[in-house]
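Below is one structure, written out as structure tokens, with a few remarks after it.
Chain nomenclature is as follows: A, B, C, D and E, assigned in order of appearance, with residue numbering initiated at 1 for each chain independently.
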Amino acid sequence: MAKLQNGQSLVEDVLTIRVKNLTSYRNDYPVFSGVSFHLKPSDHLFIRGSNGSGKTTLLKTLLSLSSKFEGTLQIPLHETAYLGHLNGLKPELSVWENHKFWLELNNKPFSDRLLVHFKVDGLADTPIRLLSEGQKRKIALAGALGTDKRIWLLDEPFNALDTEGQILLSELVQAHCENSGIVVLTSHLEPITQPTQSISLDDYQ
Amino acid sequence: MAKLQNGQSLVEDVLTIRVKNLTSYRNDYPVFSGVSFHLKPSDHLFIRGSNGSGKTTLLKTLLSLSSKFEGTLQIPLHETAYLGHLNGLKPELSVWENHKFWLELNNKPFSDRLLVHFKVDGLADTPIRLLSEGQKRKIALAGALGTDKRIWLLDEPFNALDTEGQILLSELVQAHCENSGIVVLTSHLEPITQPTQSISLDDYQ
Amino acid sequence: MAFSFWKFANPHHFGKLVAAITPILWVLSGFFILSGLGWGFIFTPDDYLQGSTVKIIFVHVPSALIAINCWLVMLVSSLIWMVRRHRISILVAKAAAPVGLSFTLVALVTGGLWGQPMWGTFWAWDPRLTSFLILFLHYITYQLIWIYISDKESAANISALVCLIGSVFALLSRYAINFWNQGLHQGATLSLDQDTNIHNVFYYPLILCILGFVLLFVTLVLVRTKTEIIHNQIKLNEKLGRKSNS
Amino acid sequence: MLTIISRDLKANLRLSSGMWLPMAMFLTIVVLLPIGVGPDIDLHTRIAPAILWIGVVFSLFLYLDRIFSPDLEDGSLERIAVSDLPMEKYVWAKVIVLWISSGLLLTVLAPFFGLLLNLPLTVGLVCSISILVGSPALAAIGCLGGGIGTFNRHGNLLQTIIVLPLSIPILIFGTKSVIAYSNGDAYLPWLLQLSGISLATIAIFPFLISYTLKTALKE
Amino acid sequence: MLTIISRDLKANLRLSSGMWLPMAMFLTIVVLLPIGVGPDIDLHTRIAPAILWIGVVFSLFLYLDRIFSPDLEDGSLERIAVSDLPMEKYVWAKVIVLWISSGLLLTVLAPFFGLLLNLPLTVGLVCSISILVGSPALAAIGCLGGGIGTFNRHGNLLQTIIVLPLSIPILIFGTKSVIAYSNGDAYLPWLLQLSGISLATIAIFPFLISYTLKTALKE
């Protein structure tokens, strides 16, 4: 594997996420520093940390969506699916149209497998703006995870989900890991999945 | 107390929320039906229910922000503070400006008591758009609860809050109840406050 | 070099160099400008066509020249920033912009003032004038980007982009007359075979003025770049200080 | 109410959405008209009042979507509905904000732009006055449009259909008053009628608008 | 890319924001100009090309805030940045959507509005053609403005000052071509130059715009 320069990220074909001594900056001000981890297929990293400790920043740095960082960082971006705090759904379009959009964007044929899994397939023709918060979250998750990427980065995916939804999602996560995928997720809840690694960003301030 | 007609709500000065046989409609379609409860000072109602079961709809019906309902409903609206799924903060304005706005709108002098309580007073001059999700939620809560209303209606207030934030909020809720206020809140978590009443909307579908 | 160039680039040599040569530059540019303007204003005859207004040339032409070349300097340093991410380079562009802006303004105003007696109007939508005006607006945009985009890295990136776009108009203000000859404005007056273009009496003082203006420009940019660097360092220290305190 | 006005003005200024686009519009017109029409000063004088008034409506159009939609989408509106501030006052504040950033702005700028279009200063001033007395009505109409625009489906079509017919009479009165002045006719009657319309509109519309918003919240 | 175009067009149509406001703008002009200028047909003919072109830019201005901001605010943009679609293609799609709902719309409407302003049909058609070949550049410029507008603080000021100077040359070329035609001068060179500018712009700008968006996401 190529030696990486500080502050450079490299897209590689090996399914592994390697983060060494990572420091992320927002406005020239370090949010966290010295984070390291190494994820191989079937690994599941659980990130915890108080509000503002940098969970979102960490995920965005992994995705090259954050401006400044130091340390080395290696992740196959084209294998990565992401869902952040925001759902990215157009309120005027129907569930079906939104779902189709996100799948097509990732060159996937339409499939309502995950809509069915989250039990929201009955809402297919409803415009998003009429849905409840949790329903929206489920649809966003279905769109993001339905792309069949092998790495999942999920930022507080359990927010707004009901108990059943949380269980359904954790089933998906477990299945994905068993299927030699990689899952990174952040949450304020006690993990209901079975993470193989876990870090708390409060330790890296 | 005046007898209420079906589908009419009455603003009264007595600190009590009385809901009898309430059915709420969205698009002429009942979301839940037959909900009844009666809250007096120091009462704390915990509403649970799966996604789409109508928690938000119930709160909005209480606030006359929902279109159609049947049953009787009585609540002193001018004594009521509300925070929904959305924070209602202007991204461009600073924490301080946003907080001040919500207090002034309710004729309260500026006070950063709750900002301090939630430990976000250090962010006073930061524009909202730079904050993390949980920080925003705390600021929205501080603005809504800082209005010193005696009834609090909170829709999933724990969302995005870290463990410490959840505890801080539940302290506020407990204190408010002890201070003979009324608190109604919805959540998908196990209650960490001590509700005196609790309903699950899944039972009223 | 580390990624966080804002923090680590070493501006030491640069600072020393600037400190050493600025006094000389100040003196030289002052000398050339004063002598050029003095010669031009006092010892040249009035033009038989244009009368004494011709003397505006000694200010107008050098400042228009610098207005355009300054943008090209900014273009080069912005490109270096975009490709090599070299920190001082973007600071040079940032430092040069206000200087260029001022010269552009001077060229516009003197041009307009000259245009009134020459063409009977302060302004016309002639290709060179239009592109020069657009260049002027780009100078303003460039300035505003640095002021209003608070994240320095983003500001650097976007300002470089604006610089790229604006260069089209910088080049057009020089060469537009070659494609579209329906304009009012003068063609090249200062080509190598001077006799065909402009009378010697105007030529020499004009050259002096141009030299002086160029030196003045260089001096100002160097000094401002140095200030920028120091400014950056101070801010950074403040921030690091704050972090270690908390 | 002052709170809202100041917050909105602040947010507008912070976003700078406020002034710049309308001003850019005028600049475009001022640059382009002489190119299109040629340097015929008399012509400019005849077109200028209509152009200035058109500018007022357009700057209004630019705002339509930003009056209530942001407040609805970020949850401010429901919080305001629950707050101690009556909805009517909120609407009033919005009308004032809209007026400041379209009507008042153009009242101030009209004489200058008039000069750029070679309009005599006095005519520019009359134009300015007519905008001053006419634009409050336009602001109220715009707010009604903005309120109706919040009905999500096809809100924008409805909003256009509401705003356009309502604003045309005001435009006509405004333009006519200026033309009457520059023709040496009686222009005061026009201005008086215009202010009458304005007063009536800003007295009545806030109630209609807050009714619209309450309905929109319940949708 | 087709996915984005169809989603955006659908969302635009669903919101109906698309067509209506620009059309309302033109109607306002068409109603108001004769009132301001009087029924002087020759005059109308001289003003019409400039007016039509001004309309194109204004309809662009109406959209500036809705090109990328909604996608940034609702989280779509970061999801798109992570998706398999290259950012350039996304930008391309946006340019096309913007062009369809401003340039193409007005290309089609220009002759009709021209007729309402008493413009001879042939002149209206030349106007239409000049809009057709010139508006792609405007759409690309508008998208650049929209991208820069996403820098939150003062984004709108920046956006205005980016879009305005860049669109001036295109406006000038567009108007001049129509005027050349109605004066019987050679108008083809103008149109050719205009299409040259358009081609160059839409070839280069998408890269600049996606660069801007990537920077904006990182802010």
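Throughout what follows, contacts are C-beta pairs under 8 Å (C-beta built on N, C-alpha and C of every residue); 3 or more make two chains touch, one makes a residue touch a chain.
The model shown is predicted, which means the values in this text are computed figures rather than measured ones.
Summed over C-beta pairs in contact, the chain pair with the top total is D-E. Note: the chain lying farthest from chain C is B, by mean C-alpha position.
Once CA atoms are averaged chain by chain and compared with the all-protein CA average, the nearest chain turns out to be E. The distance from the centre of chain A to the centre of chain C, with each centre set as the mean of the Cα atoms, comes to 48 Å. Look at where the CA atoms of chain D average out and do the same for chain E: the two points lie 23 Å apart.
Distance between chain centres (mean CA atoms), chain B to chain E: 45 Å.
Each chain gets a centre from the mean of its Cα atoms; for chain B and chain C, those two points are 59 Å apart.
Multi-chain contact residues of chain B, defined as those touching 2 or more other chains: 85, 91-92.
In chain E, 14-15, 152-154, 157, 161, 164, 168, 172, 218-219 are the positions where the chain touches two or more neighbouring chains simultaneously.
Shared interface positions of chain C, defined as residues touching 2 or more other chains, are 125, 150-151, 153-154. Considering their complex, residues 2-4, 6-7, 150-154, 236, 239, 243 of chain C touch chain A.
Every residue of chain E that touches chain D in the complex is listed here, in rising order: 14-18, 20-21, 23-25, 27-29, 31-33, 35-38, 43, 46-47, 49-51, 53-54, 57-58, 61-62, 64-66, 152-157, 160-161, 163-164, 167-168, 171-172, 175-176, 179.
Considering their complex, residues 125, 130-131, 133-134, 137-138, 140-141, 144-145, 148-151, 153-154, 157-158, 161-162, 164-165, 169 of chain C touch chain E. Partner chain D is touched in their complex by these residues of chain B: 60, 63, 65-67, 77-78, 80-93, 97, 101-102, 104-107, 144, 147.
Per the touch definition, chain D reaches chain B in the complex via residues 3-4, 7, 10-11, 14-15, 73-76, 78-85, 217-219.
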